[in-house]
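Presented sequentially are two complexes of chain A, the first with chain B as partner and the second with chain C.
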Partner chain A sequence: MMPLPTFRLERPATLVEALRCLSETPGSLPVAGGTDLLVSMKHGLFDPPVLVNLSGIEELRRTNLAPGNVELGAGVRLATLRDDPELRRGHAALAEAAGVVASPLLQNMGTLGGNLCLDTRCRYYNQSAFWRNSRGYCLKRGGTICQAAPAAKRCFAVSSCDTAPALTALGAQVRLARWEDGALGLRELPLEQFYVEDGIERVTLRPAELVSAVLLPVTPGTRSGFRKYRVRDSIDYPLASVAAALRVEDGVLRGVRVAVGALASAPLLAVETMALLEGQPPDPALLAEAAELVTKGSKPVKNQASSPTYRRHMARVMCRRLLADLVA
Partner chain B sequence: MKREPRRWVGRPLRRLDGATKLRGDALFTDDLRLPGMLVGKMLRSPHAHARILSIDTANAEALAGVKAVAVGEEMPVRYGILPRAEDETALAVGKVRYVGEPVAAVAAIDEATALAALDLIDVRYDPLPAIFDPREAMTREDVKIHAETKVANIERQASLLFGDVEGGFAAADHVREDTFFKAAATHAPIETHAALAQYSGGKLTLWSSTQVPHYLHRALAKVLELPMERIRVIKPFLGGGFGGKGEPFSLEFVASHLARKTGRPVKIVHTREEVFLSHRGRHPMHMTVKLGVKADGTITALHFRNILDGGCYGSYGLVTLYYSGQLLTCPYVIPAYRFDGFRVHTNKPPSGAQRGHGGVSPRYAIDVQLDRVAEDLGIDPLEIRLRNAVQPDSVTVNDLRITSCAFSECLEQVGSAISWKERRGKLPRGRGVGMAGGCYLSGAGKAIYFNPMPHSSVRITADRGGGVTVFSGAADIGQGSDTMLAVVAAETLGIAPSMVTVVSADTDTTPVDLGTYSSRVTFMAGNACLEAATQLRDVLLAAVAEELEVHVDTLEIRDGVIDGPGIDADPLTFADAIVLAESRGGPVNGVGGYTPPELGGSYRGAGVGPSAAYSFSAHAAEVEVDLETGHVEVVRLIASHDLGVALNPLAAEGQVEGGASMGLGETLMEDYEVLEGGQLACPSLLEYRIPTAVDLPDLETILVESVDPEGPYGAKECGEGSVHPTIPAVVNAVYDAVGVWLHEVPISPETILALMKKDQTRRVAPRGATRP
Partner chain C sequence: MKLLRLTVNGDPVELGVRDEETLLQVLRERLGLTGTKQGCDLGDCGSCTVLLDGEPVLSCLVLAATVEGRSVETIEGVAGADGLHPVQEAFDEVGAVQCGFCTPGMVLASKALLEKDPRPSRSEIRRALSGNLCRCTGYVKIVDAVERAGKAYPA
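For the complex of A and B:
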């Protein structure tokens, strides 16, 4: 087994305590389920002096599913999201996405906040220290070039968190919390603004800031779903994913939101697809045409299994099938 | 042949060590702790090919907590599993040949100190050009991975010619030639390699996760320059090998050397990445198949060419090379056969032996080519197989002796299980069925090094409580050979398997067995155990006969009770018999050994391929291909296996299912890919994707019994042959589903899509349509 580097573990009981811990120790990192961060620490990608364990914080595990005001604490386990009957009914895309993250064992450990803040992934990055030393380092950690696309000046590491495209399609907001000048500072952002399409920057979190909750709008009649392509169904990161939410009102599509995952460094809203469908009757030919547009904004590079071309193809096929299922 | 009814043989029996393992009581190598034990770690090369200019260990040695540092020059003696290819050293000497090759090692008081010490070792390299494609390596005279190879980097060329090949092709009505590629795969056992060495009182004891304690014993003696009697090798519980622990490994020498150097026990446990780097998995094979047949499908000639990517060391490669050619004359009758093969060095981790050794990839090529030929001629694939099926008591063109054989029955059984006649070629587009055959040896006829001793020996002792202990050098690596030995002993002695204790794989206390490879243990150690148990039974019955004054032939042991004339009134138990026998002169023992008969031809290479018995197998697969994504789902796999006799059907089914699941993984997902630069693309179980139970289809096993005349109670192998037919069965099913042939494995949905597109264009073209 690969050993973890040494660190001090803080176990705050409240959100405020956690935020203070983080702001007091530069370089400290929050850890929730640890299913992403600890693996990366073993690989030598992070060496924080202090880990602030969020799993003892009661308020982060709170959920409020009251109609019209769905609020999910960042500490909620993916397994809870997967199994919640209320979510399965009203926000199926999220429950479906949570249910295909890794495997049931990891869904028991992994949290919503950890999933949203999952580091971007790349086959040249998610490797041991030995491996990266042999290969040569890259822009994302320790190097000056991108190993996947040496001509490029940016990092294409892939946004691989399954709940993010689902929540984007559902129009979710994140609530961010921070300890500022001796007081708790909160802000709320639509998920699209939380992510940055850059493999290194990836999120707009400020230092010592935490995701505390996810807020979901509730629009009666909304149907949503999530589809994921992976090589091995039992356990695998996504190679492409699609989430969609829509309503059928008076024979036409309303509130259409479609997002693709794992084809860029952030989940992408498929605006062309959405525009084509909004207000139109759900005609199969139109759905197919709209699905063709779903990969318009994405240009993945070869830094995962499977080829970029095929991953985009899969997104289009999954999109058409998902839309067809949702309007059926 | 029908087999006789038996008391224990043929009854499903749970493995004897199952509960121990489930409870967590079983001690694997990494569970062992000794007082004063140090942790060993190895420094590995970041270069694929480089000269080592210097190694400075001074800073590492100066670190508090470091007890010793080792470099290659301290153990310069070369070793290798094959005496003809001893080309490795425990730590690199002078040069490194792959990314990850061990260069130096430390022993320290804990893991953190050991790892810190590795960082302090300063190695200067002079990088050399590296080659990763064997076809390139074959011609690159300017880059020599080993100075000894005569032509470029060709380690060995093998050519075999049997019968009139030219004449065979001339007499054929149809000849078809195609190329196939099968990528590398690796074993991925759950337990990573581990070794614990203790050097005390001038004697070395090594606990190691090895499949081959005897070969390891010899190699340790050689490399450490210690006499064999001062070395003891013990194999504790072992968590899977599949060939990946089938030869001596660097960590075993290094742990031993560091223990001797420090006088303290040293343990080295590989990380998962180190297991991937140690490799010795399936050779990538670039294959060309030329097959000639008569209009009725009868095979007239086969020419098989193969380029094997050996990686940078010999390992089992010469045997792999010959197996890849020799095993193709079965299970279809090939009247004329030519094989040309090359094993070539590249700057990758060494390829070696993996479950189904040598034959799996060629089997894919041949069984797909057979379907292609059948398709060309409009013959049913099952029909062409039956027509060419090898028959019992025959000899192949390359002098392999076939005795028991139920290959035709294997084919027929899977055919009827999948409703072949009603469904092949008749399912809606996207759905298809496919079939393939296979055969494998039940133990290599020749040992790896020449010696006159039996390949397996067993000693059984009896204690007055009524229990017996079987001592065997055979390594149970999770496949269940200890339980197999208990069944054979129990059946022979007339007692319950629960009365049998098995002590195995300890070179001080158990008689020699060559090890767990080439599917030899059930056949050979089983036979040795049968002989030892028979001898013990004879000793016991002789004592009883003398006591009762009856003829020994009238006695038998049944369910732990001696049965015979005149003892109905006052039954004698098995324990009583032991007491009687003991009183005649001390401990009661039985010994037995198994040596294969002289087999095979006298040509160069004839030693690889012959076996006292062959297993036969046939698989039928049903697939669903997504026409828009190219995704293949294997919905059903039916595996038949002629294993002679199922000594323990529960264990046998497990073996066949395990083989088929390995085959499925290799067909659909597993690719041991090396990036340009020499790094492994997927050195983890996350991205080197082996199927989990969730990913597997319904596996149905059909055990076919041909009752082998020489196997223990008629048994043959079932652990490795069961991988062979899986790949071609699935590939052939994909053809039935969507009309495309896959000439590269693992198959990719992307390739299937591209081929379907091409096929579509071809079909609408005016003259192209060859398929209805």
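For the complex of A and C:
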């Protein structure tokens, strides 16, 4: 058995109550679906005095799919995103990504906000306390060296959420909420600015701040998709993933956005791929050339199943196939 | 410690739970419902699958104190007074059970699928059960059983 450490569970009914709970107890952590945090707590990676349960907060589950104004509450279940026909039509990359997170059982539990805030992963980090004690602790928790790249001064744990590259390609913004000086403080920022390419820092959330919603632009004619490589077709985290969004206008590509996941500590925008394709006709040779550039900004280390070389190769292959499917 | 009221297999249940107790611990250790299996205890294997308001979830990752007022169905609640459920019947007839450890989770995930769609394709069945690991059968007979059980549901 993997028992949880002891903690006090708070069950607020509103967002403001939850933010106040978080700001009043240093070291407290929010929990929604629990599919990432509770596993890590069973592994002894976190031992918070208080957990603030967000699953009873109605306002975090609100969604607005009105044309031109898509807003998704952070508490929406991944299964809801996967099954929504409207989303599948207009923002296919997100629905496809939600449908390949872990397994259908975990999609029934996990939330959009939780997936966006998923902890970065590494084979030297996501292990039991016993394992890590035997092998030696790492930079990310308890140690002074990176077990994956001992000469490095940074942590290479991998951004392993599937919805983040999809939403980055779709040009999404996140809305962040915090309790500050007795008032609710909100800010919105593009998703690519929410992440930090560092396995330890990983997101720009301030203390006691929560992701409350995701805002999606609606551009008619946009096609998007998501591809994921992993050893098993279920349960596993990604070893590489690619998301792309584009539209074909007057025979040329417009609004091209491509993001890669699981090859760094944050989802990366494939700027070279995007620049090569923007304004060009969707010629198969050009698409293949652009796909070759998709891994330019990534330099993963050996800290997952499968070699870094093969993971990057698969990202290029998936990108080529995805782009071909989107313009077909 | 929190007072927890919920419905388990149709019966109202009221008990005190520790904040860090999982639904799996409450079912197995407090209520004696050991039909729900504990496998990896980390959300990988699907052995601890139960239905929470009809949706299959992993009880090892559900904090008991968060299911206040909700309805839980475990394998003990699947068979009716007049015999086995069609899914259980089909698992038996087809030979979809070998060691049996994954079976409670498989049956519940299958039941949830068939209640939404009684005529799923084989690939839809495989997808719906893709969070439940079986180390014995190779899955073929499990998929056969779900297909067969669907025929007992009104289309």
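Here is the rule we go by: the second predicted complex is superposed on the first by the 328 of 328 C-alpha atoms of A that agree within 3 Å, B and C clash if a C-alpha of one lies under 4 Å from a C-alpha of the other, contacts with A are read in each partner's own complex, and residues count from 1 in each chain.
One rule holds for everything that comes next: a contact is a pair of C-beta atoms (placed from the backbone, for glycine too) under 8 Å apart; a residue touches a chain by one contact, two chains touch by 3 or more.
Treat the numbers as computed from the prediction; the structure is a model and nothing was measured.
When the two complexes are overlaid on their common chain A, residue A:D233 makes contact with chain B and with chain C alike. In the superposition on chain A, A:S134 makes contact with chain B only, while chain C stays out of contact range. When the two complexes are overlaid on their common chain A, residue A:R187 makes contact with neither chain B nor chain C.
In the superposed model, A:M1 lies in contact with both chain B and chain C.
When the two structures are aligned on the shared chain, A:L105 is found in touch with chain C, with no touch to chain B.
In the superposition on chain A, A:N53 makes contact with chain C only, while chain B stays out of contact range. Within the superposed three-chain model, A:K299 lies out of touch with both chain B and chain C [touch as defined at top]. Of the two partner chains, chain C is the only one that A:L38 touches; chain B does not reach it. Residues common to the contacts of chain A with chain B and with chain C across the two structures: 1-3, 6, 233-235. Against chain C, in their complex, chain A makes its touches with residues 1-9, 11, 31, 33-35, 38-39, 42-43, 51, 53, 55-56, 79, 102-106, 108-109, 233-235. Residues of chain A touching chain B in their complex: 1-3, 6, 123, 127-128, 130-131, 133-136, 231-237, 305-307, 309-310, 313-314, 317. Looking at the complex, you find that chain C touches chain A at residues 2, 18-22, 38, 41-44, 46, 49, 55-58, 61-63, 65-66, 68, 109, 127-128, 130-133. Within the complex, the chain B residues that touch chain A are 44, 46-47, 99-100, 111-112, 115, 269, 271-273, 628-629, 669, 675, 677-683, 686-687, 689, 691-695, 748-750, 753.
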